[in-house]
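You will see two complexes here that share chain A, one where it goes with chain B and one where it goes with chain C.
Our next item is the complex of A and B:
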């Protein structure tokens, strides 16, 4: 079975190079929606300038977990988190944390591309304006930099003032990533960023993420195991709210410790 | 087992073995048979037809009546809509200048919108963004009650509160343009607020999430993302309120003073197209010049209402595009 796995997936070869320091340390995190215990006692390190993939079947708590990292779960009434997510010596779950500042440092990209119904340049400039940047030159410079980083600059430089809704789905998603980069965050969270896209656009985003991990810490939720295998340095397998296994992607895919991990990655359920 | 049973069901067991595939039953059968759709269809089609005929008939009737003043009575159309002298009762040289009423209607409408818009949008934001539960449980019913209050009640409140207030603080009789605008503004407030709340609720949550995810505060999200995204439907709410304000007669008539002169300021009494029609129609004889002139005002009112509808249509089409 494991032999077969090796044949269908190609691994991100940088995994073995070096172990990056831990940026966010997750300890005993429990998340509840009302009575529903959605995430149970999760412990895992998120390494700096690496890609950590969260995989698992639908409803396993991986999206809930990723949304806790920048406190987006605060917006859901009845959601409650316990435990510790240590980032810069601060527990992210501490109620005194300034979530607005936190989200400036830990950005997020969603499953459905959600550009604002504004022009392409305004989409990237809005986070800066929210942060109080007024200088036209800075705004334009950041717009150009971010669009170049996501490889969108050459495609849209002649129509920066046109509506972002006129872009294709893949372009919109890259614009959303560019928007998340505008404030130069430390961490970028991506919640199934390619599941609404065609294979070509998905491949472009994967390529982009591999490039971005040189400067940013990336956490990605994905349904697509091949995607995790292709791009992630570390993979966490969630099942029924529990973190079943966490490890280097190559190890987890070729030599899983737990039986349910092996069953899931070989496609026996999920 | 079960599946094969269904698959081999005997055709002879069908309810009506004599049913024909070709329908060649006559009109009488189609009208009387229970299974026929014809009666239902006829009812629905004729309802729709009646609606269309009614609209066309009203427009045509108003047009014919409204044009009499110019065709039969030879009033000059231009002096009619720009003239400021309205003296229909003068035996020598009566004059029909409707501009003060057109101006009055416009002034009341725009002032009412000016008063109602900020409050209505504020209420809508409160209901749809800040206190969602409270907004739908408490505010929504309150607003529905406000919409349902008859306009005469608004007029009465205006008469007993706003008019004395105006008299005390701004002099004169207290009956004036501003009093009319305030009464109508309060009247259209709930309409505008509830439509505006709907349009804010229609803004997809994904945009709010996107905004929070880039480190926006609640206020930044509301002002910079939600309101612009609701954009044209908010304008639709305001225009809808304006069209209601434009057509309101009774409440305005009770507080505006009904003076046929062009007002010099918002603290002068004045009149609108609707108030002059309701006031003068009763004591004018059918076919008299005054009566025809009033019909012309009515026609004008209809045309301007159509303009409002065209604006609303245009805005909502742009929204859906």
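Our next item is the complex of A and C:
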């Protein structure tokens, strides 16, 4: 336990503020890929305007789970979900849910920065145009606001019409976050957003997420336990498809209930 | 034998094979150009062919080759690109999809003379289009369609899944993702493929023998009314293309300067195909640079 304490540099100091209301309630969710039972009977609350981190070793089902929250798993042939993910009194998993509308409210950022091979401003304006925004002034205003929110405005304001692929990896990832913000979603899902980035860029993204949680609900999958400890209000530990433990980050890291949680966060496996 | 020696031998054999291939191409090209380039002149390119007198040019044949090519591409690109998008994006793995894919592959491996015979039976005789530009272009469509389908499908498959996920995660529909993100991203490779296939279509002769015909009416290049029988734009007139012309003068030409015409035409044909290739490369590189922002 002593060694473990050393590992963890600092905690997100907002953990002790009062609990926010639940935005998405996960009840008995099971996910299968064909015969493979990837996520087993998961129950957990996702609190509004807080950061919830999903941690666990590779293959534990955390990415599968986060991709279910905005139905990105629909793309994978043979994937199937049971249970309920209640969001605004609707079960997200219901086949009748309009996934296009859902994804406007629950945005997602991926591990690999994936800007479109278009200009920086087009990257942000593309989803807006599709959503029906035509007014040039509004489009430019939203572009500026989103880029400012992710701290990219000063770096790119002189080259908005240049290809987004010319940006560095960290800048590309912040552009992808800005792009997700453009639609003013309620929830932002991030699937290991910093694992392809250098430490400086990662730190910038962490800082950004701490700011964004004042206005958005954030769910983040991370391989990096220190990252979870630094930014998350709540942490869920997944192992072999099961949710082993869920709780306030500080509690989970300093006083885990289960032995496997303690083993994982102290670096004994995973 | 030590592994170092094996390594050397393997490398030498591979280099030798590459050298043989490059050698064949270079000698073939230099032979054709050496024999033919001296025959190319402005006069040769802008005079009509003469059936039995010396001094004929290839104006009509050159025009026909480009005209048939353009009509073929107008017919092929929309169908082929749509088919490729279907196979890459919408088709679910299953019997129907594998049947369609088999059809595309078999179509691609059909000998062009068979495509020509088929074209004659269907377009020339059954539909009554006669030997004409449109019959030729339709036969070449059959011949070229699988290539475009393939090029499009490969272009889409080469894109990373991240692009598609990025679009869908932003609340775009599948079609809108294809239209605004995937198609523009795949465009450089599709375009390069189309231009390369254009070189193949441009040089095709067997499929055109029985469909576009071996003669051309006296074209009046000041008459651009597409329904007039001697207009260059008329789709229902016969149209001997450049490569068919080479075949025709070599097998049955009675003009005294047969070899001059054949060599000159061959050189023009080769230069055109070469230009298509170089153009495809340059364009691909340019678009790539523009997209990658470097």
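We take it that the second predicted complex is superposed on the first by the 264 of 270 C-alpha atoms of A that agree within 3 Å, B and C clash if a C-alpha of one lies under 4 Å from a C-alpha of the other, contacts with A are read in each partner's own complex, and residues count from 1 in each chain.
Just so it is clear, contacts are C-beta pairs under 8 Å (C-beta built on N, C-alpha and C of every residue); 3 or more make two chains touch, one makes a residue touch a chain.
As the structure is a prediction and not an experimental result, all values here were calculated from the model.
Per the definitions stated earlier, placing chain B and chain C onto a shared chain A by superposition produces a clash between them. In the superposition on chain A, A:116 makes contact with both chain B and chain C.
In the superposed pair of complexes, A:126 makes contact with chain B and with chain C alike. Using the contact criterion defined above for the overlaid structures, shared-chain residue A:165 touches chain C, although it does not reach chain B. Of the two partner chains placed around the shared chain by superposition, neither chain B nor chain C is touched by A:36.
Contact with both chain B and chain C is seen for A:100 once the two complexes are overlaid on the shared chain.
In the superposition on chain A, A:183 makes contact with both chain B and chain C. Of the two partner chains placed around the shared chain by superposition, neither chain B nor chain C is touched by A:226. When the two complexes are overlaid on their common chain A, residue A:215 makes contact with neither chain B nor chain C. Counting contacts by the rule stated earlier, residues 70, 72, 75, 100-104, 107-110, 112, 114-118, 126-127, 130-131, 176, 179-180, 183 of chain A appear in both its interface with chain B and its interface with chain C. Touching chain A in their complex are the following residues of chain B: 204, 206-217, 220, 224-225, 228-229. If you check the complex, the residues on chain A that touch chain B are 70, 72, 75, 100-104, 107-110, 112, 114-118, 126-127, 129-131, 176, 179-180, 182-183.
Across the interface of their complex, chain C is touched by residues 70, 72, 75, 77, 100-104, 107-110, 112, 114-118, 126-127, 130-131, 162-167, 176, 179-180, 183 of chain A. By the touch criterion given at the top, residues 92-93, 160, 162-173, 176, 180-181, 184-185, 290-294 of chain C touch chain A in their complex.
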